[in-house]
Amino acid sequence: MKENTSVSPLAGRSIVSFDDLTLDDIQTIFETADAISADRQAYFGKASGKIVATLFYEPSTRTRLSFEAAMQRLGGGVISTSDVKNSSVVKGESLADTVRVVGAYGDVIVIRHPLDGAAKLAAEYSPVPVINAGDGGHEHPTQTLCDLYTLREHHGTLKGLNVALCGDLQHGRTVHSLAFALARFGANIIFVPGDGNEIPAYVLRRLERNYHAHIRRERLGTLSALFDESASGDESATVNAIYITPSEPHQLAMSSIEGTTVEFRVGYGESLSLYVTRRQTERGSAMPTGGRYPALNAKSLRGSQFKNISILHPLPRIDELSPDVDNDPRSLYFRQAAIGIPIRMSLLWHVLGLGDETAVVSKQPYTQEVLGLLYSHSGFDCSNETCVTNQERLFASPQFEVVMNGDYKLRCLHCDRETDGTYAGNIESRFYYPSELLDRFLPPVSPEHVRFFASPEDAESAGFKRASDKWDSYQSRPNDNGKHWVDMVSGRTQ
Amino acid sequence: MKENTSVSPLAGRSIVSFDDLTLDDIQTIFETADAISADRQAYFGKASGKIVATLFYEPSTRTRLSFEAAMQRLGGGVISTSDVKNSSVVKGESLADTVRVVGAYGDVIVIRHPLDGAAKLAAEYSPVPVINAGDGGHEHPTQTLCDLYTLREHHGTLKGLNVALCGDLQHGRTVHSLAFALARFGANIIFVPGDGNEIPAYVLRRLERNYHAHIRRERLGTLSALFDESASGDESATVNAIYITPSEPHQLAMSSIEGTTVEFRVGYGESLSLYVTRRQTERGSAMPTGGRYPALNAKSLRGSQFKNISILHPLPRIDELSPDVDNDPRSLYFRQAAIGIPIRMSLLWHVLGLGDETAVVSKQPYTQEVLGLLYSHSGFDCSNETCVTNQERLFASPQFEVVMNGDYKLRCLHCDRETDGTYAGNIESRFYYPSELLDRFLPPVSPEHVRFFASPEDAESAGFKRASDKWDSYQSRPNDNGKHWVDMVSGRTQ
Amino acid sequence: MKENTSVSPLAGRSIVSFDDLTLDDIQTIFETADAISADRQAYFGKASGKIVATLFYEPSTRTRLSFEAAMQRLGGGVISTSDVKNSSVVKGESLADTVRVVGAYGDVIVIRHPLDGAAKLAAEYSPVPVINAGDGGHEHPTQTLCDLYTLREHHGTLKGLNVALCGDLQHGRTVHSLAFALARFGANIIFVPGDGNEIPAYVLRRLERNYHAHIRRERLGTLSALFDESASGDESATVNAIYITPSEPHQLAMSSIEGTTVEFRVGYGESLSLYVTRRQTERGSAMPTGGRYPALNAKSLRGSQFKNISILHPLPRIDELSPDVDNDPRSLYFRQAAIGIPIRMSLLWHVLGLGDETAVVSKQPYTQEVLGLLYSHSGFDCSNETCVTNQERLFASPQFEVVMNGDYKLRCLHCDRETDGTYAGNIESRFYYPSELLDRFLPPVSPEHVRFFASPEDAESAGFKRASDKWDSYQSRPNDNGKHWVDMVSGRTQ
């Protein structure tokens, strides 16, 4: 066990996003989890004198308990707040202060928080590593580790595996994290949303942009059994695997991604995992009248085409997964929950650097890999109301990555949400443009010289001038590699 | 210490009801508790690496803390939810799912739940042993262990000991469990209820049926001091030890149990334990206007007739037990609370099989000894609204024991409540009868062929026919050992 | 390390008030904290098998978590109730019962409670030592230990150090405890209250009486920078360091303390600690319209006169301490929080007597040093509504120290609040007097013979007679050492 006798490459690191983990990291975590499963008692006592602090701003049973059990199975201690809302926060304490204080008490902080991006903010301020146990509708990386481990254990490999993500694809943090992870491991993903709970466009764009996923709209007859038969007919015999409503403006841009090459059609008897999720009503999940929601029961899985499937669910469930499949050997969701102990033991083992007891492990600064340009300006906020940067304004510095999917958008580095419809200005020329024209002038302009605005009014009230009254004609012109607009940026409108 | 060097007969077992414990089991638990009290430090570390999960769906301080302290004094770990209502249950999770997940985290589950029978349901689904720490108004077996241990320690024996159970005998789960336990150990029980909080008839019937207790209505002058003197007079000089109001129909049947042989009259100076309980207002305990409730203070216990008494109380108390007896040597209630640590250490020790560290202890299936016939049918529910089978319908299978006290009733195996006034049908003959006539036809009919109904309408809407319009005459006829009705059951009404 | 190899003089003792600690005790606690900081791992395991019970009747994150982390870093266990309000207290349990039960589960109790004096009541009933983690607006001695340690560590000494206590001086328990502690160590204290949150008169009187502090009203130009500049002008250029509003009657008496000798004027560049506190809105802290509250930010501390200051804050903060000084080397508040671990480890170490593992440590009775006469009578209650003696009437015995500051007052031994305007009677002569005349007759009368009344009506309804209708003339007479009134007390009015 190489990873057990030296300081882990994960030692001192915060795990905010699943993307913080390299493929090697994940492999390492899985291998230690295997070793722990094989001889759990051998790991007991290794965390003696260490303490995990669980800071839960939202109530939770399973995630908190599994982290606390994991730490104690390593022999470590636990300090726990199961509902921080009822404690110091009443007195108005910021997250930044809380983690700085609690980070002086414990050796690692496990945090769950209702705000998107809260774990990143915590990692920025905490003196000890932070593990994200769910931040709003954003990420839940240790759940993703459990999901992947369970899939790999059952199906042997993730590469080429068909995984249908079913249910509330809009609010489910586990679904977003899992989608990115599956894309990294080369699995095929099929989105089967409940009506009104479609996968957000920014998630699809990130899949395409960062993981080079090919995305297309598809009808899958095989999966139609997941829906209530009472609504059957010609229409319902198939499933809209990626449900795109053209009338929603921000999804119009996605029409360009139709026609790509990969098809997710699942053949009869082909290996397929159904990952079912509940409606996240506590995050505003709602279903239109007459809407359909994918639900699974023994009857719906009776066909021979479902012979090689597996059924996963992050739990808790409501009514989308019937107890009548609980004892079905294809049902992996209780295994998926149980694996949380060795997985989280493994993660704590590595983050605390327990492999080499003589090593002094200190926290590594939290940095996130950013592919595009960085943008940060005090006047520009994330458009996501439940982003931590909009709630903890004294301590959070909104930062954005400039991403290019059709037009330019700003991806918030805390919550990953993209801010649409912005206007961009050059602070030297004082001209502003619609952000979709940004690719025509940006390259030669350093990010420090760009400023974004939500509307022309914002731009003009900040003293910027409309770059041109001939936008329409420019937009229709073929892209000349930004040459013309670059000129404009430098102030020469001619 | 024989029980410490081999696998305990309690290893892997769930403790749902006090009845799950044999007299040998109880003896074993008490002996280990003695050994622990004698040398507590010797037991520290024996549970290293083991974890108890405390699942408290109702808030509680003392029971939860004593289990958690007990586990830690054995060197084990604790994962705890002090108010599950505020966590996953909000998301609509079933008890069956919760225990299956949490049972993958901990080695034993301690559960408190507001629904009667919830601990049994948990034991049915949990992959690890479940210990009932109070399920609704049903049972609280570890409290009973503490009660018995304290009584035995103080009075030397339980056999023949007079124990007056005072206060809320209707809702107090500790009182019901204790009454059954005392009956098993041959103690005399005196029920001294607060007005309107009388002992339920089904408890009395079970005492009579299962423990062969002799029950009679009694006036006890000795105990009248427990009641407020302001209400004195000739009437109040005595206590209605079993308070039977003939106007309550369901208690009419009990009139037949008057005139039995054992008298609970307590002589002056005779050994007597007063077990005082509070009004369980959170379970609907109410007192009629002008009602009386047994309360105890220094003055009421001044007489020489109370020389050899002991005072117990499961705590917390309200005003039924005055602090002015706290320092009285006859007061055992703080001892009774303190003994919770060695008792619960002992129980955890045995259930976890810590006596033999090399043994692999796996959970034993939870089965309950049923003396009578078993009945279970999907159309028939327990009449107790707060029974877990009526709340967790997806996972609980209502099961009943057919019991015969006067007439036939169905005792719910989850909550022990008896369902009255039912009608029974033979699924082959399709005739139905009032259940009080069941003894006339049942023996030759196997339980699979019986179906119960709450009303004639239910029976008829299920396609059953009224067995006879001459019920009245049949009922007045001498019991002919069911011969006539057996014929009827087989379809021959003549 | 002498204190580590023998039973500590603190072993078995309850820590209710900072005054319970001698200067030697404090020195001992600090030295062990130093030793722990130097080699934390050496102390791990010393508390194996011991358990701390944290009873928090008010939500709290930092204090509870730091105690729980401290105990676990010693290898001990924790049983915890993070919000007792939601548990047994719902069933109406008294604090006295709770600590007697929980004290049978744990080896030491750490309590936080909303009522003033609750920790003292707990210490009176608990079978194990009690550590006060904050009782209402009264005391918080372990916070004070952290404060003093941080100040001493940074400034080298407390003697002669200027410490400005800023903010809510009325409700802040940390401020009162710290003020007394600073006075004991010979520091100079400057009270810089928010408007409407002035330091209570009884705190000032106790400082003067018990710690021989010299108190005066002062204007301090140096500190004016703490206040919002928008309210500047000639008036605001200075700070009313002890803010006395002559129109408040109970403060009129304090005018006599003006003109004493010590001046708190802080010279430019002189060593000064600013101890900033938040508004305790949950205790009724309010600010009059247009009121000013001392707040601190980078700009306000820019001057060279603040070169040698330190900034402390007990946290959590609201807006009185700007994050822009967080990284300022003069900011000690995160250090102040972090030091809570070794300080509380040290305190638990000593109270549990861990230095000598073979010693049997038993709880010492809780007694408080009382300088004046003791007074206790069932008819006389503490005038502080949130004093525990007014809420836990069945268990708390109100006791008072007769103190003399101008006139006689009764200091409640539970909450330290002084009761004003009382009348005193001699139970033998049955005459009563205004309490300000008490010094004229008290010395020869033993406390058992004195009874206090809130009003003449109370006295007369209790059967006491007005001592004289010539009080006015007696009051204006020069004090004749009580000779005349002593005669009167003995019944001879002439």
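Labels A, B and C are assigned to the chains in the order they are written; within every chain, residues are numbered from 1.
As a working rule, contacts are C-beta pairs under 8 Å (C-beta built on N, C-alpha and C of every residue); 3 or more make two chains touch, one makes a residue touch a chain.
A quick note: this is a predicted structure, and the numbers were derived from the prediction, not measured.
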For this session: Determine the shape of the graph in which chains are vertices and touching pairs are edges (line, ring, star, complete, other).
Result: complete
Exercise. Taking shared residue numbers divided by all residue numbers at the interface, is the value for chain B and chain C over half (same) or under half (different)?
Worked result: different
Exercise. Expressed in ° and rounded to a multiple of 5, what is the rotation angle of the C-alpha superposition of chain A on chain C?
Worked result: 120
Exercise. Roughly how many whole angstrom separate the Cα centroids of chain B and chain C?
Worked result: 49
For this session: Give me the residues of chain A that touch two or more other chains.
Result: 80, 82
Seminar exercise, completed: Residue positions on chain B within touch of chain C in the complex are 40-41, 44-45, 59-62, 65-66, 68-69, 72-73, 75, 80, 82-83, 278, 282, 315-318, 323, 334, 337-338, 340-341
For this session: Mind listing the chain B positions that touch chain A in their complex?
Result: 48-49, 51, 53, 77-82, 84, 86-88, 90-94, 96-98, 100-102, 104-106, 394-395
